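You will see chain A twice below: alongside chain B first, and alongside chain C after that.
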Partner chain A sequence: MQFSISSSPHQSGQQSVTRVMGLVLLALVPGTLAMFWYFGWGPIINLGIATATAVAAEAAVLHLRGRAIGVTLIDLSAVVTAWLLALALPPLLPWWQTAMGSVFAIVVVKQLFGGIGHNPFNPAMAGYVLLLVSFPVTMTRWLPPDVVSGSALSLADSLHIIFSGTPPLGQTWDAISSATPLDQMRTELSQNRMIGEIRQSPLWGDFGGRGWEWIGNWYLLGGLFLIWRRVIGWRIPASMLAGLVLIAGLFWAIDPDTHPFPAFHLFSGGAILGAFFIATDPVSASTTPRGQLIYGALIGLLVFVIRTWGGYPDAVAFAVLLMNMAAPTIDHYTQPRIFGQRGRGDA
Partner chain B sequence: MAEQRKLWPFHGGLHLDDHKAESNASPVRSVALPRRLILPLQQHIGQRAEPVVSVGDAVRKGQLIAQATDYVSASIHAPSSGRVVEIGAAPIPHPSGLSDTCIVIETDGLDSWDELPAAMPDYRNADAADLRERIRWAGIVGLGGAAFPTAVKVNTSGQRPIDTLVINAAECEPYITCDDVLMREQAADVIDGIDILSHLIGARECLIGIEDNKPEAAEALRRAIAGRASGHDDRPIEVVVVPTLYPSGGEKQLILLLTGREVPSHGLPAAVGVLCQNVATVVAVADAVLRGRPLIERIVTVTGGGAKQPGNLRVAIGTPIDFLIAQAGGYSTHINQLILGGPMMGFGLRSDKVPLTKATNCLLAASRTETPNSQPERPCIRCGECARVCPAQLLPQHLYWHARARDFDKAQEYNLFDCIECGCCAYVCPAHIPLVAYYRFAKTEIWAQERDRDKSDLARRRHEARVARLERLEQERKARLRQKKEALDSKSGKTGAGDAKKAAIEAAMQRVAAKKAAQQVESGTE
Partner chain C sequence: MTDGYRKIVLDGLWHNNQALVALLGLCPLLAVSNTLINGLGLGLATTLVLVMSNVSVSMIRNWVRPEIRLPVFVLIIASFVTMVELVMNAYFHGLYKVLGIFIPLIVTNCTIIGRAEAFASRNPIPRALVDGLAIGVGSTLALVVLGGSRELIGQGTLFDGAHLMFGEIARGWRWGIGEDYPGILLAILPPGAFIGLGMLIALKNIIDKRLSTRQPASAAGTEPVTA
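Our next item is the complex of A and B:
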């Protein structure tokens, strides 16, 4: 009898790229719902725009490169990129800016480098940074969380703003928009106000911006789910958050009047989302166990440095992109010792 | 029973469905003798054996038919009586699917034994060299799959002393149960074999590593140990039950697990004072020493959803696999692939018209659900799952990138040759990359390059030797000329004989140097 042959192992586990990406999307659901809860329809609309353009862009590039479209689209990685980008964007960003960031992330950052697995930079964060430097005004125009403003924008109003790029009739940008807590903190600190004074404002909650601080918790939930399902490792998120808290704590201990409490850093902006969902993007991160600890810790450090002394509203994207560049080098110097090399390298 | 010994877990590994119950429920069955036995001359690592019979010769069971040609080689004996009908190329079970020289015996059905060498019940007083010679005579090789000649492995003279004998009874690959049933049915032989080996290598103790999914086998061994005739200087033997975790039966993994000693990268277990033997090999040693029997049969597991009656069979080596499967009940309609070995490390057979060899421990007649067609390969997403499970603590994704880019130096830098090809990495890879196939490809390429380099090295040295020889001839010619001239001169009374002597000595020294160079060339070919 004749048989077909294949290379060993002849069995394999259940996992697939699609499954991995699907779990990431699932883990993003609680945080996304929280965004909807606090910021209304804007984030959801952004999500739709980003996903549609990312998928279309991926299909178009694959077609041009003569690759099978179905196999690649089915892996959901474009959707994950679009989703992460959308969550980082201000809720009322004009639609074409969202689309542009998403297309840039997929076409330039991902596909031009050879597609999934080959991009040295995190596509979502590269798209975010492109938008931030291109459109500094719209990219810093956030909404106050509904708990602060007391009123939510309707779906129609949100659509109107996003697709026309103008505030609803009879309203001004100043009336409906607000800075993010991170922005607020920096602006006021630069006016030499003390932390104690700044925190009097109704914008502030227990340790971060009101509303904002809770979104972080929902992302945290999703992140822990990913660690539990072993989609991501614990090293990068843990070391990044630890790095951030340590350095923030150090400066706070030295001068609590001009440096916010470390938990503020943790629960403001994109720290939690970044730690669990962005810094852990395996393609662009460090891959060795020790390397991941270093990689994460340095991202945490950079986030603090850029937030404190840099000129941008948040630092996670920059910190991640900078460390993406360093990842191959970190990997090179942190190869684990292999079986049978006891005593050489670390044990 | 005894308190649990401390174990030293290895990195990574996989929890797999063990699928042992399909084949280990019933005792070992014997199968009929086929009409033809096909015996490849190379069933082991090392040099091919040399036939010592010719076509037409009558042979008897146990008679030597092919002789080990080299130190690292193994002899082959007739598994039954009959007549040699052919010595020539025939398909062999090998991943390449190629043919190799085989001796084909037509059996006469009498199964009559040849005269066997005397049993050595008094092996404790025998010379180590004699014991090794007996093992060598019996043609024993590692029966766990590696097929390295056992006589070579147990020759530990000149190495660091061995204090621990580790018996690999883990049988960690799913589906395979031939060692399990062997231990249940021949526990006493296992213990006898261990005593012989311990005595031979001077080990202080023996640890039998067995996975916790074989409680009956472990119990049988414990009973056999307890029932050992006392009064000898036999060393302690301990059955160590280890958790079922693939690949705990990897030699280096098992040694670490049981002793906490890590065999150095590129090194042998002897470097940490350990010798490791598979449990079936140990029984073959007992057969050879205590009964004077060569290795001519073994137990093989036939299993999988594609086999009608999974189980274990005692089979004459050289039995054609199609015959063997038919004896075992034949294929079921679910048959999809035929794998020699287990699902993780075995290789697929294109055809079942190949013989069973010494190292064949399992025939997995796999159904489609057991070995699904591989899914399309996707780019590596660098998730690191592979590194998390790699028992050799390598970075499989880096090995893959470099192997794929044909950057073999880099692949070696990332310790390609420490890869044991266990397949854990490929099993978990979400991108469905056939990682092990890439590593094999890289290893083969590197070996080929090395062979080429050796060849060119050899050519270079040959050339140098030739140049040296020509130079020597030239020198000798000159020296002769000089001598003649001097002779003439001295006749005419000009100079003394001292110079002539010097020249003669010089020429002799050159001859010696040239001879040395030539010898180097010869030894370079080995």
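Our next item is the complex of A and C:
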């Protein structure tokens, strides 16, 4: 799809959906490679399953709706959705759960609302939440990064686990799986242990979990690339991360024994990925400049609130979906002034 | 005359189905439809109240002044709901405990006051009776289908808890896909109710569309289905 603007005095931009989505995929490559480095083949296999099912589901629905299949598939938006979903999923999730999340994201959250450009919610995050709410056991079964465990699962083992849903022969889930840093922090805090004690565990690095913090850095690199290429604006990521750091910093300053250092919140879980790649979804996010600042900051705030007092260890998906719901209202109250007019542009 | 009744029944069951077309009484519909039996129980209780209230409202329709009709309707409905609640508490205590607050809340079900106002207060007793029955069964069917599909997807069973309604003999009715079916919890949680209801409405609209293209001549079945 080309954004062709008719009538002569306008210059039409060279931006197309395919190009934008292609750049997003390119920006995800460093983070994905980092996932591969730390978690082995699991994320790559998930990526394959999610992409294949998302593209197939998109083609099937487009066919049912009587739309041109090729034109829409080539815009790569289904691939981006699948990729974001796959990066959020635990590395050894059973294949059918990955496929179900990806089909739900495309069919129910995207196409039933009218396809690309019409979805009120971020499809990848809605798919993730469907899985997290429906399958809490498998969705919280992460691997330890291999800098901690010292050995990575082979390709054959990963395939076996994902497609059979059972741990490799002679091993148990407890032996190969591990909690995420956020999960661990939460469990230990609930047992009244203090941050200083919790961080003695080998799972912890300089800021967040070992391995995890580096994945966050590589996502950050991709995100900065997107801002440089003007694919996304700076407002949503900056305000989201600032909001998260501010509230986390406030609580840390009040009681550093039971609230982790703000950098922990940034570099554990999905905060960086969410800030640059998920909250910035141009369809479901706020669109006015002031609105984007509010939208991002509230996501950051909600992430902290849900991580600290909510029922689930990570919160980016819930925070983004909640703010997706609020985005139209935020846009309504933050209309920019029309040039040459006094006051708000209500027209 | 029989044509008139035929239309009342068809409207209640399908063309003006209160859950799928009028979208009335959604709060109990969404909250209680997590298993087939719960849906059936609440559906039958609602139907009972609906029939009795329709008949009573139709009986007094010529004596109640229009200014006070709504409070009178609400009093009548509340009395019947209290009766149904006490009867359920006595004879279906298990089901009564499962359905909980939603039995007293039948009073506020807009389907019932809606039929009292829109139909029973303008029609003779036999017609009001048939209308109450048809509307009630229509809503019950929607509740049962939604409850059954949510139960099936969410926990892989059907007729779970049937003994609450049909006595100990019904314990064996429970049917399950199998022990290793990993329930998709979302279907049982509130979002599953909204998604499921949306799917049911879409399904009904598809069926209506198919029917109307098959027989474009008969106008009877092609009333607009949007509420």
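In this text, the second predicted complex is superposed on the first by the 330 of 347 C-alpha atoms of A that agree within 3 Å, B and C clash if a C-alpha of one lies under 4 Å from a C-alpha of the other, contacts with A are read in each partner's own complex, and residues count from 1 in each chain.
Quick note on the criterion: a residue touches a chain if its C-beta (ideal position, glycine included) is under 8 Å from a C-beta of that chain, and two chains touch if they have at least 3 such contacts.
This is a predicted model, so every value here is computed, not measured.
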Report task. Would you check which partner chain A:134 touches, where first means chain B only, second means chain C only, and both and neither mean what they say? Result -> second
**Report entry** Comparison of chain B and chain C by chain A residues contacted
**Finding:** B
Report task. Identify the partner contact of A:190: answer first if only chain B is touched, second if only chain C is, both if each is, neither if none is. Result -> neither
Requested in this report: For A:108, decide between first (touching chain B), second (touching chain C), both and neither.
Outcome: second
Query raised in the report: Of the partners chain B and chain C, which touch A:336 in the superposed model: first, second, both, neither?
Result: first
Query raised in the report: Where does A:19 make contact in the superposed view: on chain B (first), on chain C (second), on both, or on neither?
Result: first
Report summary line: Check: chain A residues flagged as touching chain B and also chain C none
Query raised in the report: For chain A, which residues count as touching chain C in their complex?
Result: 100, 108, 130, 133-136
Query raised in the report: chain B touches which residues of chain A in the complex?
Result: 1-13, 15-17, 19-20, 71, 75, 77, 114-118, 230, 233, 282-283, 285, 287-288, 331, 335-342
Query - chain A-touching residues of chain C, taken from the complex the two chains share - result: 182-187, 189, 191, 195
Query - In the complex, chain B residues that touch chain A - result: 10-11, 16, 97, 174, 252, 256, 262-267, 322, 331, 335-339, 341, 343-352, 364, 366, 370-376, 378-385, 387, 391-395, 397-398, 414-415, 418, 421, 423, 426-432, 434, 436-437, 440
